[in-house]
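Each chain gets a letter, A, B and C, in the order it is written, and its residues are counted from 1.
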Amino acid sequence: MMDLFKGVQFVDVIEFIGTFAFAVSGVRHAASKNFDLFGAFTIGLFTAVGGGTIRDLLLGVTPFWMANSVYLWGTLLAMLFVMIFKSKVVKLHYTIFLFDSIGLGLFVVVGAEKALSLGFAPWVAVVMGTITGSFGGMLRDLMIMQMPLIFRKEIYAFACVVGGIFFTIGYSLNLNMVVNEVITALIVILVRILAVKYHWELPRLKDIHH
Amino acid sequence: MMDLFKGVQFVDVIEFIGTFAFAVSGVRHAASKNFDLFGAFTIGLFTAVGGGTIRDLLLGVTPFWMANSVYLWGTLLAMLFVMIFKSKVVKLHYTIFLFDSIGLGLFVVVGAEKALSLGFAPWVAVVMGTITGSFGGMLRDLMIMQMPLIFRKEIYAFACVVGGIFFTIGYSLNLNMVVNEVITALIVILVRILAVKYHWELPRLKDIHH
Amino acid sequence: MMDLFKGVQFVDVIEFIGTFAFAVSGVRHAASKNFDLFGAFTIGLFTAVGGGTIRDLLLGVTPFWMANSVYLWGTLLAMLFVMIFKSKVVKLHYTIFLFDSIGLGLFVVVGAEKALSLGFAPWVAVVMGTITGSFGGMLRDLMIMQMPLIFRKEIYAFACVVGGIFFTIGYSLNLNMVVNEVITALIVILVRILAVKYHWELPRLKDIHH
């Protein structure tokens, strides 16, 4: 925690908000299945850090959350938040959606940047940005036995791909890092919000009897 | 195997019993879904070594079972045991439950100790003890398309957390290692047995329409 | 890509065919659940590279597909193929099955060889050959909420185990590598084709009420 407050503080605040919003989503899904406290906490944590964990395992580095307990505290806070505010959480739907989108934007930036800084190819960075942003929700859905939402609805993963591509191009063009980070995050947030507002969906594959 | 018999033999016997009991649980679940021999063996293996495998991947070390074939043999033995004794396995329910609890106690100790010996923070050790003890069963449930039991019933994971916290405190207080290991395992076993006997459950989150 | 065309070309062509066939299987399963384009691509990719990815994480090396974008292109091609030829894909059933079997044979060889070249024990090589060949399909089934097929039907995984054992014995007997690779792949392909033709199945475990 101490190191956090010495470093780039704004990004840390954003990351905490994103972690919190992702964890809230996980805890609410767990509550819909009547999970117990441990289950709700675990699903919240999977949703918040699952994407980044899969990314770090693929990149061959220690999962980020094992170096800082702030992600566990954020998840705990999210669980308490859902438990205390219960039905009010539904009314806060739009605020949480906004936090979730902000988190998504940041997660894509963090994922793509980490891959590039480790020397992986640009297309790997796009993949890692997408995994960071969307695989936490995929794990959440698998754990509660629901067909993963990212495969069926909303331009969730697509927003990650678009952001990841922009960030990687900016990176290769030596765009100022902070500018690149902010614009990428804004693109992801914008695509996500517009997609939900205007019900954008990717084309679906029709079943071919097999 | 040779190295095993030179080292701390008692722990190895306990670990084999734990592996066997966990594998029996996996094979029985697979049988309930009419899996074939390969499926039953795989689910048995996932249940027995899945938690430790996820732990080792997170810790960045080679999964423990890849260094010693004893875990595969234990799983094979468990499958033969279930096939041969069939309905008698049901009567042995309490004995298997006891073995399972003993295995759980040991798995928590092994997981927490490994994290601490690799220099990770105490809270990471608690997480790793819990993962080692409970994620094998989570994988088993996912593979047979059942909502993971550890999220819904019994103080299974809670016993791991309690044991992990005790072990980590004992470790930081330089408690004699063997004493710490034995007491931790006994705590996990006791909490688990009491939880089942008295139907202890963690509070559940109520669904909030979302 | 450039490096590919300098190296062992024939194996690369075979590997591309195998990747394509596995991805087609994933995309078709995704289509049967009305997934969108992103979902179909992801399930196709999971099916094609999932087994090798789990293998590489267990072996402690960077997942193979992160070093070469050919696997993503192969998956994209597979998705376009399914979308364009739609119902004709059903008529191509036997051809795709053949490609799938050829891919399986090669995947087993690649998995076993990689484990042995990294110094793991022979039985680990058999496990890794089996994981490489069969865990992609397992991930595919989990993602679309179906009980994994490899645990219930066809001698799919069994073909991998038989091939893996043969390859490992040949390796330890210093059999010429290319000969060993080709014979192993042929064994896997043959067992698979015969298993489907003659409806071979492994015995199933009967449910014991528990």
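Throughout what follows, a contact is a pair of C-beta atoms (placed from the backbone, for glycine too) under 8 Å apart; a residue touches a chain by one contact, two chains touch by 3 or more.
This is a predicted model, so every value here is computed, not measured.
Where subunit B touches subunit C, under half of the residue numbers in use are shared by the two copies, so each contributes mostly different positions. Taking only C-alpha atoms, you rotate subunit A by 120 degrees to land it on subunit B; that is to the nearest 5.
Centre-to-centre, using mean CA coordinates, subunit B is 30 Å away from subunit C.
Counting partners per residue, subunit A has 57, 142, 145 as the residues that reach two or more other chains. Partner subunit C is touched in their complex by these residues of subunit B: 27-28, 30-40, 42-43, 53, 57, 62-63, 66, 69, 72, 82-83, 86-87, 89-90, 93, 142-145.
Across the complex, subunit A meets subunit C through its residues 57-58, 60, 120-121, 123-124, 127, 138, 142, 145-148, 150-153, 157-158, 161, 201-210.
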